[in-house]
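Input: structures, listed below.
Both complexes below contain chain A, partnered by chain B and then by chain C.
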Partner chain A sequence: MLGSGRAFRRPLPGRVSSHETALGHVHTRAPDSDAMNSRSLPYLLIAPALLFLAVFFLYPFSLVAWQAFSTDEGRLTTEHFADMVGYWKFNDTLRNTLWLAAIVVPIQLVLSLLMATMVSKMQRGRDMVLYIWTIPLGISDLAAGLIWLAIFEQTGYLNSILHGLGLIEQPVAFLGYQSKLTLFVAIMLAEVWRATAIMLVILVAGIGLIPKEYNEAAEVFGAGPWQRFRRVTFPLLKPSLQTALILRVILAFEVFAVVIALSGTQFPVLMGAVYERQFVLRDTSVAAAYAMLILAISIAFTLLVLWWLRVPKEARI
Partner chain B sequence: MSTLVDGPVRGGRGQRVLFIATTVILCLWVLVPIYLLFVNAVSSSSDVTTFPKPRVPAIDLESLRFFMNYQGVARASWNSLVVACTTMVIAIGIGAPAGYALSRFDFRGKSAFRLLVLLTRAFPLPLLALPLAILYIRVGLDDTVLGIACVHALLAMPFAVLINFSLFSGIPVELEEAAWTLGCNRWQAFRKVVLPLVLPGLTASAIFAFVISWNEVFAAAVLTIEHRTLPAFLLQSLNSAPLHLKFAGGAMLVLPALFFIFAVRKYLFAMWGIANR
Partner chain C sequence: MAEIRINRVAKQFGKTHALQAIDLTIADREFMVLLGASGCGKTTLLRIVAGLETATAGQVHIGDRRVDQLPPKARGIAMVFQNYAVFPHLTVYENIAFGLRMAKLADSEIDKRVNRTAALMHIDPLLKRYSGQLSGGQRQRVAVSRALAMEPDVILMDEPLSNLDALLRMEMRAELKSVLAESNTTTIYVTHDQVEAMSMADRIAIMDQGHIVQCDVPVEIYRNPAAHFVGSFIGNPPMNFLKASRVDTGQWRVAGATLSGPGSDKNALDFAIRPEDITVGEGPLQAEVRLLEPLGSHTLLACRVDNTAFRVIVDSDTSVSIGDTLSLNPMADRVRWFDPDTQLAVPS
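The block that comes next holds the complex of A and B.
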């Protein structure tokens, strides 16, 4: 058995000579052991990526961190953070961002799990349905904001529909200054609409990796659909759920263009505050402090997700 | 049997009706808002601001035409296209070799490298536009296409590396080894055997990088002044532009997305499957 395996890598002498004439030269040894290829090749291959990450990720990251914690003279300070927290809109900004994430992400989790399970059960039309459900993946947050603006603005479709049903006489200002609740709902719907697709894709891929036999075995032993999901699919889906949730939670704290498109500056969020500091107030250090805050929240929630969906080593497939 | 969508084989009739109804509702949930945006984009400016709206929309290309001729739109679209293509080239040019290395070699620091790539994905990357804005002024990259493309490539690179990692992992090493035994060197074997096999997937991951760049707003808005990309341009003119122009711009942003997702739909799932592990 071992011999035949080797023969595959290293051709038999008789066959080599036949190819020698055809190709002019022959490698009797696998190229792994060639001088140029041996140990250095993988490092050569990842070198551009490493260099790129160093220049465009690690270096700017250290710059932004330094800027958030230092004065112009180069002393360490927390004054930019004090400045950030002391700003009158700060509490609203932080609360809005956290509330939005706290409501949007669980809805998306349930919705994407439902859609992924449905896709896995679909017999016909699976490809078409999947295509439609993943369309929002390619749509930018700005475009999504504009899409929902077409529905919610004062002369938008929602008002026309409500009028058609005889529920209202005059158009309602859903996105107005006085209607905080409908504004929040509009932003929430736009976010759910736009960003569920990324979770769906990851979960569909994850479900595809679970051997069908596991579910069948559970069924043979009399487990109902809910039990099968709870005891078989969910635990095996944890790695995919981890990826999906981490990615989604981080993006949720970066919510920006959807909010701007729908509300202007009426609904302050963290990323909007960064933009405002950088451009309107020209205060780069406080913008950097906001950046650090977003990073800290992202890391905290990433760890939370990792802990919640931890997979014991012995349970990995 | 004439339905386009069909549910599980087992289960009662009621269950199947429920299944299909839910599927249809979820499809409409995605499609109707897009449809409404497009209707708005091809309505006249007066129709967009009428209340209540006419039942049957009258098609009028006036606002789209106006949008296309609007000061700066054509240039912003062109900038977006150039930036996205540059991003695509950088992300794949850097990501594909790294993905190949991850799938074919065991080397020291491999897991550290993978962790670094994953770490960038777990980081609010657009924030890096702030220090880069200052850095770019120093090196003369400020307000240039290449400058934004580099940031977008950073956004796209974790995906490019992981997607390529799973693509190359899907090609059996034995095929390459067979080519070596037949006299190819590593490069020839890669070009003649592996490359044709991964090319469709590689294209898909390139398109994915394109979409990431095409849609990115924050970094583009921070880093450009004259050379605005389309999203940055739209964001900047949100306050001043009339409604019908916003919708025309939105439609312009969405349209390519429909084609791109259609083009890469087969690979979306394959690439996440292995990348998760």
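The block that comes next holds the complex of A and C.
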């Protein structure tokens, strides 16, 4: 954000000076000014988008940040963070969010890689399978939560089926406050079902970009399916994996509607805490502090992903 | 011993018959070139031998093993791909070492082989670089080194020089030939470039529309084409063809002249002669000169004989000009005859 802000300011003087050169030395300096123009052109073209971003994103964002770090009298303070951390549910909230991400994201990574390699190998019906797998993408996360609620609730499908099979006498409260584990599993399943496809789509596109010859060469030189994946497909897929993982990790820390639909407030997560502070307790400053925390975690994990899947510049395709 | 025997191999892609009952035997340590126009099935045949494609019918043997059911890595082959397929995420060293690591050789052995083949292909200063930092010619050398390092029984190459510029191609041609000759491998080399084929091959297999039309040593292919197609494909410019009709047993009328030819009882044959196998002066064929192409060492004349395009190569000192009518004398022992129905050569 800071970087783009600087990029926004830099081109303007450049543009003006190139203009002057063009006017002042049309004959002698024409090639030079052309070069200057073509250098500043991209910045000019993205300027409106940057302006939009500044007005509708950077400005409100700085307001929220200011709110998180200031008192009503306008002094700098960390008391809202102290308030946030001191709250009795805070540790649970943070732990739940991190655990959910730590378990859901790797599962989705493996699943989407498996599905993407399978889809890419298919000769026929490939588009059909891809469409079916990406259906959950078209459903909002609240709706997705409600679908899984219909399965897991006390009068839901799962209980009906188990009862119909004679496996249980009484309906089981899968989502009750005593059964933390099944609640966690239900949320996990719903998240995996809902958001794996976004990674899948990115990875299928990424695999499509890898020339077939690389895998064939690996095959001829003795690599089996696993070695081909590990030594050829995976390294060449890193740029797509980066995109998919960053997108997914950030969404994982923002998990909200699915959790609310399935658990109400029994499974507190960070985004739920933001909502609670802002709209139930009317404590905007602490809500802002939570938002800052989510941002910090997202940035940290984004950097982690960038580092883990880094490709040396000279080794790129 | 790595003789390759290809028996009745056919390949269909849906309704396309890419290969039709191919029979070909390549001797141990032979350099066999598959030559043909684009789309005639060369790559498909090579990929079937490599195991990257499954034949619809037929068998492939390498040495005394039947390999067509085996995966590529069990066939004792190495391959140089047309676009090199040098892994961009690995250094040159690791690219060359790739197959050796897969074969779980000891590190010391890998190091020895990588250094030896890299030195052989003159890329030893590049071992730490990535493919993106190499020129096309260097990438090509890496691809060859990677194949040689495997010390395979068989090396398969699919148009390995086609992406290089003309000068580099000539240089690599000679280099590849000598390196492969020393490596004791059996080679199948695919190309659509006849100069490459003629200059490198022990034997050439000419392919056309999924068939092998002729398989022989380069000189034989050039001098004694087994079919009309071979004569019209090989040679730059290729053979001249004229219609011939039978006058009497062994006597044929060609462009108004009577020439002696095969004692066939067919009514019509095709008369064929290479542009350089014609002398200008006294002769039976009357040609009108349409175009002159002085090429330094010789001059190429584009003429018309009997309303058919006809090319003649003459010494650059010969004085001819456009519009001249020349008397041409085809050298009798170089004249070839083809059956217009079967397209095959008719012995004279």
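Methods note: the second predicted complex is superposed on the first by the 271 of 317 C-alpha atoms of A that agree within 3 Å, B and C clash if a C-alpha of one lies under 4 Å from a C-alpha of the other, contacts with A are read in each partner's own complex, and residues count from 1 in each chain.
As a working rule, a residue touches a chain if its C-beta (ideal position, glycine included) is under 8 Å from a C-beta of that chain, and two chains touch if they have at least 3 such contacts.
Remember, predicted model here, so these are calculated numbers, not experimental data.
**Student:** Kindly say whether there is room for both chain B and chain C on chain A in the superposition, answering fit or clash.
**Tutor:** Fit: chain B and chain C sit side by side once superposed on chain A.
**Student:** Considering only the touch criterion stated at the top, classify A:211 as touching first (chain B), second (chain C), both, or neither.
**Tutor:** Second partner only, chain C.
**Student:** Thinking of the overlay built on chain A, is A:106 touched by chain B (first), by chain C (second), by both, or by neither?
**Tutor:** Neither partner.
**Student:** So, A:223: does it touch chain B (first), chain C (second), both, or neither?
**Tutor:** A:223 sits against chain C, while chain B stays out of touch.
**Student:** Between chain B and chain C, pick out the one touching the greater number of residues of chain A.
**Tutor:** Of the two chains, more chain A residues are contacted by B.
**Student:** Looking at the overlay, does A:151 come into contact with chain B only (first), chain C only (second), both, or neither?
**Tutor:** A:151: touches chain B, not chain C.
**Student:** Looking at the overlay, what does A:236 touch: chain B (first), chain C (second), both, or neither?
**Tutor:** Second partner only, chain C.
**Student:** Across all Cα pairs of chain B and chain C, what is the smallest distance in the superposition, given in whole Å?
**Tutor:** 8
**Student:** Report the residues of chain A in contact with chain C in the complex, numbered from low to high.
**Tutor:** That would be residues 211, 213-214, 216-224, 227, 231-232, 235-236, 311-312, 314-317 of chain A.
**Student:** Under the touch definition given earlier, write down the residues of chain A that touch chain B in their complex.
**Tutor:** Going by the criterion above, the answer is residues 8-11, 19, 23, 25-27, 30-31, 34, 37, 39, 41-43, 45-46, 48-50, 52-53, 56-57, 59-61, 63-64, 67, 114-115, 118, 121-125, 127-143, 146-151, 153-155, 157, 159-160, 163-164, 171, 193, 201-202, 204-206, 208-209, 239-240, 243, 246-247, 250, 253-254, 256-257, 260-261, 264, 271, 274-275, 278-279, 284, 287-288, 291, 294-295, 298-299, 302.
**Student:** Along chain B, where are the residues that touch chain A in the complex?
**Tutor:** These residues of chain B touch chain A: 3-9, 19, 22-23, 26-27, 29-31, 33-34, 36-37, 40, 48-53, 90, 93-95, 97-98, 100-102, 104-105, 107, 110, 113, 116-117, 120-128, 130-135, 150-151, 153-154, 157, 161, 174, 177-178, 180-183, 185-186, 189, 211, 214-218, 221-222, 231, 234-235, 238-239, 243, 246-247, 249-250, 253-254, 256-258, 260-262, 265, 268-273, 275-277.
**Student:** Going by the contact rule set out above, which residues of chain C touch chain A in the complex?
**Tutor:** Touching chain A from chain C are residues 50-52, 71-73, 77-79, 81, 83, 85, 87-90, 98-99, 102-103, 129-130, 132-133, 146, 150.
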